[in-house]
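Please find one structure pasted underneath; my questions will follow.
Chain IDs A, B and C follow the sequence of writing; residue 1 opens each chain.
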Amino acid sequence: MSEIVIDRVGKAFEIDGKSVPALVDVSLRFEAGGFYALIGPSGCGKSTLLRLIADILAPTDGVITIGGQPPGVARRQHEIGFVFQEASLLPWRSVIDNIELPLEIAGGPVGDRPRPESLVRLVGLSGFENAKPAQLSGGMQQRVSIARALALRPKVLLLDEPFGALDEITRQRMNLELLRIWQETGTTAVLVTHTIGEAVFMADAVHVLAARPGRLVDTIEVDLPRPRRLALMQTPEFNRLENRVRAALFGDELAETADG
Amino acid sequence: MAEAAAPPGGRGRPPRLAGILAPLAVFAVLVALMEGLKRAGVLPVTVPAPSEIAAAFGRAHGDLFYHMAPTVLSAAAGFVLATLVALALAALAVGWRPAERPVMTLAIVIDSIPLIALTPILMVWVGNGLPARIIIGTIAALFPLLVGTVQGLKAVDRNVSELFHILAATRWQRLRKLAFPTALPFLFAALKIAAPLSVLGALLAEWVSADRGLGIMMIYALFSFDVPLTWLTILAVCVVATLAYGLVALAEKLVLGERATSIVGGR
Amino acid sequence: MTFSMRMLGPALKSLVMPAAIALVLVALWKAVVVVFAMPAYLLPPPEAALGAFEKDAAKIGLAVFHTVRNAAAGLLVAFVLAILLAALFVSSQAVTRAVLPIVIMLRTAPVLAIAPILIMIFGRGIGTAIVVVVIVSFFPIMVNAMRGFSSTKRSALELMHVLGAGPVKTFVKVRLPFALPFIFTGLRSAATSALLAAMLAEWLSGAPGLGTLILDAASYRKTPLLWAAVVVSMVMAFAVFALTSAAERRFTSWRT
């Protein structure tokens, strides 16, 4: 529910005493309540960008604001939810205790925060409240980690290749559920992915990044109707958007193959 | 449910009984074999029959328990002290970056000094009483504890660490909810190694100089060539050390539950 | 050029650091003696220990020779035995299951405590110290070697099978390389305790060596000699540790 503005942001890392640019001059605007995808080859800085928004890293150049405030403020007000590629659960805590972790750390009044039990239901894990992470499959663990990210009713939900380690079939199901959850909570979602179909299927706009140095090369607006269903992926419209993303990703390479 | 998963708590128990029975059987066979060989006159005079050791226990159990008490006391005190010192040093080494190398270097230096070289000097300084034996017990157990705790505190998953940052967790929350629970299995693995070591340290100090203790009883038995009694005292030390190990393993099971490492799974 | 420099850099660094620490410790030692006006029987000044070292150089040298020989010989025998048995054990699942718990229990048990039995059985000769070293060093090497041999990646074994390699070739080409880091870790932890075991066995059995020298010097109140011998044993122990750690690093570098 917060707008995210990224204004001419750059990030360089110090490697062996030399400054190596990871991101150069990225400007983006994520509307409040929207769903956005960042796609690009490895090394394009898409995960770095996500960590800049989450205030895990600080930008070398430029400014990022969440709802008009610096990311550090949003973080300390517990407005940011983050889902990692690995579920990254605490193995000694049960499902419900893992979901409660952010509440324990934030403390304070419950307010309009969702009850952990309702989050368990939201991600479809009813009956597994007391299971330990080791007893769950990879997909179920990732559901727990999404529930955990939603526990403080974040205004911004950042997803770093959340289903990258899952098989294709499970991933499609999880994506559908993620869209449902996103619509129920109304949070601003930013998804990092390296799957073209996933990016188009999920997002209102797909931002394409290129590597060395990491930079923004194109933005493809996705004007497909919501709620989105699997059948959508078989439509020519969907295909056309996928091809536009592919063209932005591969550029001249794609043209060469077509000529040959 | 989209994905298949094992139902909570539905895992079959591993055949743990067999894991205990097999070594026990081997032990029983060894005892029987020893008895048989001794009766057949194959074993030298320096190896007693198990029945002779049992007889030695019958005649000297009063002495044995009299000497066992200070050994157990100094080993236990050394073990507790070593745990406290290791926890403090590990917290320092992990919590304050510049301290890590000096702390670990010091630990390595202390660990590589042969205890037997340290003992006489220590006894010149603090006398050959209980304090010296407790300190030796502490030093003997310190190194694995320190290394284990440092490893454990550093074993925090990077993503989870980032999560705690995003949640704006305080240092204390990070320690209590993340670092400490992560380190616990490592700590217990180290405690299991350290417990018998502090028994050995106490024993070694008694060997060098003591009026009372299993070590000195052992030396007397050895020098008077009382074969069964020598074996009995050594057996007693092994039992004390194994009990110490067992107690820690039990505590581990109680605290960690399913997360406890099996006997074989320890590092 | 760059290659030799790169080799030399860490080696130099690893020598400079302990040397600096040693210098600081000696300075600290001297300072404590002066500041607290330590009586010589509690803490002799460093130069007194150095004097004892010069005066009894032959005695200390001989003791070091005995201890190092006992420790090295025992370590070597233990190493060969442990590797052979570990290789044998891991070839059979059933044997591993029956033997491993015992071996691990013995490793955690204070093996050094049985030294008196060994002295009784093997008498007071030179061999006894070696036997004690063998027993003490055997278990850490063996446990680590067994872990190492069973750490082989399944896919690597399957590859050897597909390539039609026999058990010997599989062992030499796959199992052994996978196990090497573990074996050297075991060797490192065994080496320092081997030194302690040798010194202790020498003293308990009355055989010549550094252990006997130290404890005799202590009981006859020859404090400078005691300190000289203790410092020598510390330097020796640290050298053993540095050497075995270097070997371990050399063989584990590919793992990171």
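Quick note on the criterion: contacts are C-beta pairs under 8 Å (C-beta built on N, C-alpha and C of every residue); 3 or more make two chains touch, one makes a residue touch a chain.
In UniProt terms, the chains line up like this: A = NitT/TauT family transport system ATP-binding protein.
Keep in mind the model is a prediction, meaning the values are calculated, not measured.
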{"item": "Contact-graph distance - origin chain A, target chain C", "value": "2"}
{"item": "Chain pair showing more contacts of the two, A-B and B-C", "value": "B-C"}
{"item": "Remotest chain, chain A as reference, centres from CA atoms", "value": "C"}
{"item": "Computed distance of Cα centres, chain C from chain A, in Å", "value": "52"}
{"item": "Distance from the mean Cα position of chain B to that of chain A, given in whole angstrom", "value": "48"}
{"item": "Rounded Å distance between chain B and chain C, as computed from the means of their C-alpha atoms", "value": "20"}
{"item": "Residue numbers on chain B that touch chain A, as the complex places them", "value": "1-11, 157, 159-160, 162-169, 173, 177-178, 181, 256, 258-259"}
{"item": "Chain A residues within the chain B interface of the complex", "value": "51, 54-56, 75-76, 78, 80, 82, 84, 86, 88, 90-92, 101-102, 104-106, 124, 128, 130-132, 135-140, 152, 170, 173-174"}
{"item": "List of chain C residues in touch with chain B within their complex", "value": "17, 21, 41-42, 97-98, 100-102, 104-105, 108-110, 112-114, 116-117, 119-121, 192, 195-196, 199-200, 203-204, 210-211, 214-215, 217-218, 223, 226-227, 229-230, 233-234, 237-238, 240-241"}
{"item": "Residue ranges of chain B touching chain C (in the complex, touch as defined)", "value": "19, 22-23, 26-27, 44, 46-47, 105, 108-109, 111-118, 120-121, 123-125, 192-193, 196-197, 199-200, 203-204, 207-208, 218-219, 221-222, 225, 227, 230-231, 234, 237-238, 241-242, 245, 263-264, 266"}
